[in-house]
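By letter and in written order, the chains are A, B and C; residue numbering begins at 1 in each of them.
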């Protein structure tokens, strides 16, 4: 399959490694990766903060750039949620029937990484090897917008060598919430402290999730407290094999 | 209606109408009837299970349940009142005299004052319908006598017990314009540290006499 | 029109109010405990209800339908209630409601009123209006009594005194009730309340209540409660005055079959709450012989006018969204500065004001969506929050505030590949003044709220797209070499 990668603005800039792992994983599984360089941002930050007018052109760009993609893979459930939950409404509000049609045609071809693997490609075992104690945090968008449910855990359970530990209060928000993390920094920190307590109770070396946004926030706290626990995107775990063990 | 409130009434209505297209009555009615009600609306359990569930729910909130036949009502009532050493009782007007113990010291609902109600020990009435799923007894009228005394005895007939809330509402439809009270246990509060305390206001002792056919 | 929502118009922003509350150890413990208990209870009784989702769908559809025909259903209710001997009054705003109610009390010669819990009376500031007119209101709900006697403010829709523990309550009661001795077990405190209020219930001739549901077809009113004080106030006095928001009306008696299943499970985690009272107008020989109901607008018709957010009016005041909200869990209700707190408060309060006040509330959320999941009437709160944020931004359009400038600049950057890549390069270079020992120590402006509590890694030296380009280049070069 020819898979078009939408890396997301923040992954491109802050977490390029995640993109590299996605490429490595999907190529290992025999797929061809396409990366349209024109891509920038899906518009979520603007849309969610109340700048819906400014988000509109970003939405049009995304739809145009990926119009002919066979399949779009996005290693970020919050961006997929933005596209699925809000793009149709935005197109309707724009009063542009052609755009509405394009959005409706594109949406079924857009996948978050773990749902691409399990729901589209039918894989639960991707041949990964990751000999570490890992706990999984369920990001809000993955749970409540994408309804991923157990999908990421199905993939993680099949990783050889992994010691997977259940996170208590796994579905409680970590406190990132996009601009919420700075606009309401104190409450965001309070929510983070609850999440960190649960992570540390698992005695895991690594906390993983399908979103680097949550992980950036969680790691920000884990590192500030010098816990020695790190965060990695699920792509990194799934891309690791015995031959190419990720650090 | 005073003029000020008439103006407000008109102003409120026009604000509402501005935002809503006025549908004709037929359209509105059919829209209402088209609302999907896919929730459970009739019994799924058999009668024995329904009654068993009802009794379980009553026990869950510490109501005392006495099962008897129609012939045994007065004896059951006598026994219960004796257990409580109850000396004074108020009876709902509609409660049949023949079901009361012959020697009972009591007064009828229409004969009692509010002040007397404050000291009377218990009340007796029937109910209109009961819900097994939630352990609820629904009474028509008799609101004060079933509220002020510390004990309340309710006679419930087996065939008055339905499984679900929708079935009970259907039964109550014909009395919808009368005062109705749904009772599901003694009063309670969890306002202090989320600790559930029973019996804030209203009867703390609930006795149910369940008439089996 | 003077819209009032308690004292929300004067409240500090959520951010300001939250900070000292986060430091209140007792409060955080109490809130955490309370929300844990109710959410666990709710989960059990909802889990056993096999048709829960069908009930939610029906309830949401009924509310949607009712709002589309609100004028009809209000008029139908008015006619039926009046025919049954009740009196219906209409109030555009808080002041008008208070005037109407005070006038009624005076008309009946009352100096005291016994009140059943209703947030609507807090919304309009009724107690202040009573006191200003020499009428003394007695709150009879245990929690509202605790709040009233303790000169405090409610912090939760269903459990208003959840921020108080037993020792605090004991002190309040001893002082207010003039008790020299009082145990601190919840039973002792409840008994004290029972005794104190009994006298009032029997003596005071005017009762005041809110309403959970107004039934349009019968003209009936339904009040849902746990403590029994509702039944006391609704049946013992000779006069009953009720206030209800216009959104409380439902089409028919039959529809109670849905709401009486959703509300108790959502609010207190019970299959059914202890007492529900239903009455229609006046009934000879049973209960108050004079009944008045005030239908309150106070900003609701404005919310009705916004098709994107009118779903806010579905709310049945169960409080489930508060209990599940990870933000509310940290701060409790006072941070919202409104009697309507938590997720529903964040959308209801500013909208009643037509967004003129409480503009910080739509931002008091991480958009996690837990509230929408538990809402029995399917209000898509995150969607409404985003919509209201848009309204706030548009209101502030004239302001040259830093955030708007920054957001516009970012949008400009994202709208072109060249500009985006240039910004990435610029960021990589420009970050160095902020980096120390391999970490970003401090970011300027509001972004400093990140680094004040979290570490931040500097931007990697190579972006993904740059790596991709390099990889492509070497692949092409390799092909050429192999050819």
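To be clear about the criterion, a residue touches a chain if its C-beta (ideal position, glycine included) is under 8 Å from a C-beta of that chain, and two chains touch if they have at least 3 such contacts.
In this text the structure is predicted, and so the values were computed from the model without any measurement.
Asks: What is the chain whose Cα centroid lies farthest from the Cα centroid of subunit B?
Replies: A
Asks: Can you pull out the chain pair that has more C-beta pairs in contact than any other?
Replies: B-C
Asks: Distance-wise, how many Å sit between the C-alpha centres of subunit A and subunit C, to the nearest whole number?
Replies: Centre separation, subunit A to subunit C: 31 Å.
Asks: Averaging only over C-alpha atoms, locate the centres of subunit A and subunit B and give their separation in whole Å.
Replies: Once rounded, the distance between the two centres reads 53 Å.
Asks: How many angstrom lie between the CA centroids of subunit B and subunit C, rounded to a whole number?
Replies: One centre to the other, that is 30 Å.
Asks: Note which residues of subunit A are touching subunit C in the complex, please.
Replies: It comes out as residues 7, 9, 11-20, 23, 35, 37-41, 43, 45-52, 54-55, 57-58, 61, 85, 140-141, 143-145, 171-173, 175-192, 194, 216-217, 219-221, 223-224.
Asks: For subunit B, which residues are in contact with subunit C within the complex?
Replies: It comes out as residues 1, 4-5, 8-9, 11-13, 15-20, 22-23, 28, 31-32, 35-41, 57, 110, 114-115, 118, 131, 133-136, 141-144, 147, 165-166, 168-170, 172-173, 176-195, 197, 199-202.
Asks: Inside the complex, what are the residues of subunit C that reach subunit A?
Replies: For this pair, the touching residues of subunit C are 14-15, 18-19, 22, 326-327, 330-331, 362-370, 372-373, 383, 386, 388-394, 404, 407-408, 410-411, 413-417, 420, 424, 427, 439, 446-447, 449-450, 452-457, 459-460, 462-469.
Asks: Enumerate the contact residues on subunit C facing subunit B in the complex.
Replies: 30, 33-34, 37-38, 50-51, 54-55, 57-58, 61-62, 65, 67-72, 74-75, 84, 88-92, 96, 100, 141-143, 146, 159-162, 164-166, 169, 186-187, 189-190, 193-194, 197-198, 201-202, 215, 217-220, 226-229, 231-232, 234-236, 246, 251, 253-254, 256-258, 260-261, 268, 270-281, 283, 285-287, 295, 297, 301-302, 304-305
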